[in-house]
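Quick one: structure below, then a few questions.
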Amino acid sequence: MPLVRINLSNSYSAEERQIIGDTVYSAMVDIAKAPAGDKFLIFTRHADGELIHPAAAFMGMEYTSKIVFVQVFWVAGRSTDVKKAFYRNVADTLNEKIGIRKEDVWINLVDCAREDWSFGNGDMQYAPK
Amino acid sequence: MPLVRINLSNSYSAEERQIIGDTVYSAMVDIAKAPAGDKFLIFTRHADGELIHPAAAFMGMEYTSKIVFVQVFWVAGRSTDVKKAFYRNVADTLNEKIGIRKEDVWINLVDCAREDWSFGNGDMQYAPK
Amino acid sequence: MPLVRINLSNSYSAEERQIIGDTVYSAMVDIAKAPAGDKFLIFTRHADGELIHPAAAFMGMEYTSKIVFVQVFWVAGRSTDVKKAFYRNVADTLNEKIGIRKEDVWINLVDCAREDWSFGNGDMQYAPK
């Protein structure tokens, strides 16, 4: 059910994008307990000047043109601890695997309701509670 | 007031995109009772590898590169039955009109408040209740 | 913390896009009291036919291909008056500075929670209240 929008520079290679997508997906399944196989991601690639970040340090962080915006729409209910672990895992893994600066990993979560999804076939797959 | 984001392969033609937009718009007006004329849609076209879906069947569904992601931001308050009818109508109509596989019609709804919209002129058109 | 998505025609110049981004950012800081420096914006440029608006007048407004969609994800809690002032400031300023028709300034706000953000480093910068 999560829908993930990932916006990043077109200087990232196809292979890097795949690792980014796999990393976010794995964190959703392993940490946030999304169902296995629930992998729906939209990558939008950007030219210079289309992704704007603070020019100076913000809250002690500095950003580069390699900033990766990850926005996850999912069903409400994840705890604060799960969200913290999700952020930690994504940033650490992207840094380890392909050297993205942790400061450049930017994540926003948006809660939706169970009835707000149709994964295909015109059905509402999740009954509201 | 709905804002609709539609992300799809650049293999869809301009005519197909128009039908997709008209279909979603008609379902919003006819089923979800959006005001007539309230048609604001953003299409983003994607190259191969930018729209990621499960590689294997997920919840019994299989997806192709023709997957169409429809995300609707609108004012909260639609019932579960209305949302179900909305999903059904969009998937069935796109299948009938231009042969999109129903499994490839993917929809997410995001609820906003009445005061969260300015349709132009710098005004808040809907007063909060 | 706000994440701003701006979708607009590719007929806007780089300089115009910069003014648009700076205008939205200034309104967030000056009016909506976002922290100074909190400037994260994603511009997506669109070809003809990708941004759909009502063909006829809607609620008394007419739109052109120069429509600018601004969608702001931020932490919930802004008052209705603040939101009104935000809309007013963005539309008026864009009109004054680069002549965008006020009817073509379209804004949607999406509320998120405090714990729904990681601005980098894998941290949850804002503790939930």
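Here the chain labels run A, B and C in written order, and each chain numbers its own residues starting at 1.
We take it that a contact is a pair of C-beta atoms (placed from the backbone, for glycine too) under 8 Å apart; a residue touches a chain by one contact, two chains touch by 3 or more.
Since the model is a prediction, treat every value here as computed from it, not as a measurement.
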{"item": "Rotation angle superposing subunit B onto its copy subunit C by C-alpha atoms, nearest 5 degrees", "value": "120"}
{"item": "Shared interface numbering between subunit B and subunit A [over half = same, under half = different]", "value": "different"}
{"item": "Inter-centroid spacing, subunit B versus subunit A (mean Cα positions, whole Å)", "value": "21"}
{"item": "Where subunit A touches two or more other chains at once, by residue number", "value": "44, 110"}
{"item": "Residues of subunit A touching subunit B in the complex", "value": "3, 14, 17-18, 21, 35, 37-45, 73, 110, 112-113, 115-125, 128"}
{"item": "Subunit C residues touching subunit B - in the complex, by the definition given at the top", "value": "7, 44, 46, 49-59, 61, 63, 69, 71, 80, 83-84, 87-92, 102-111"}
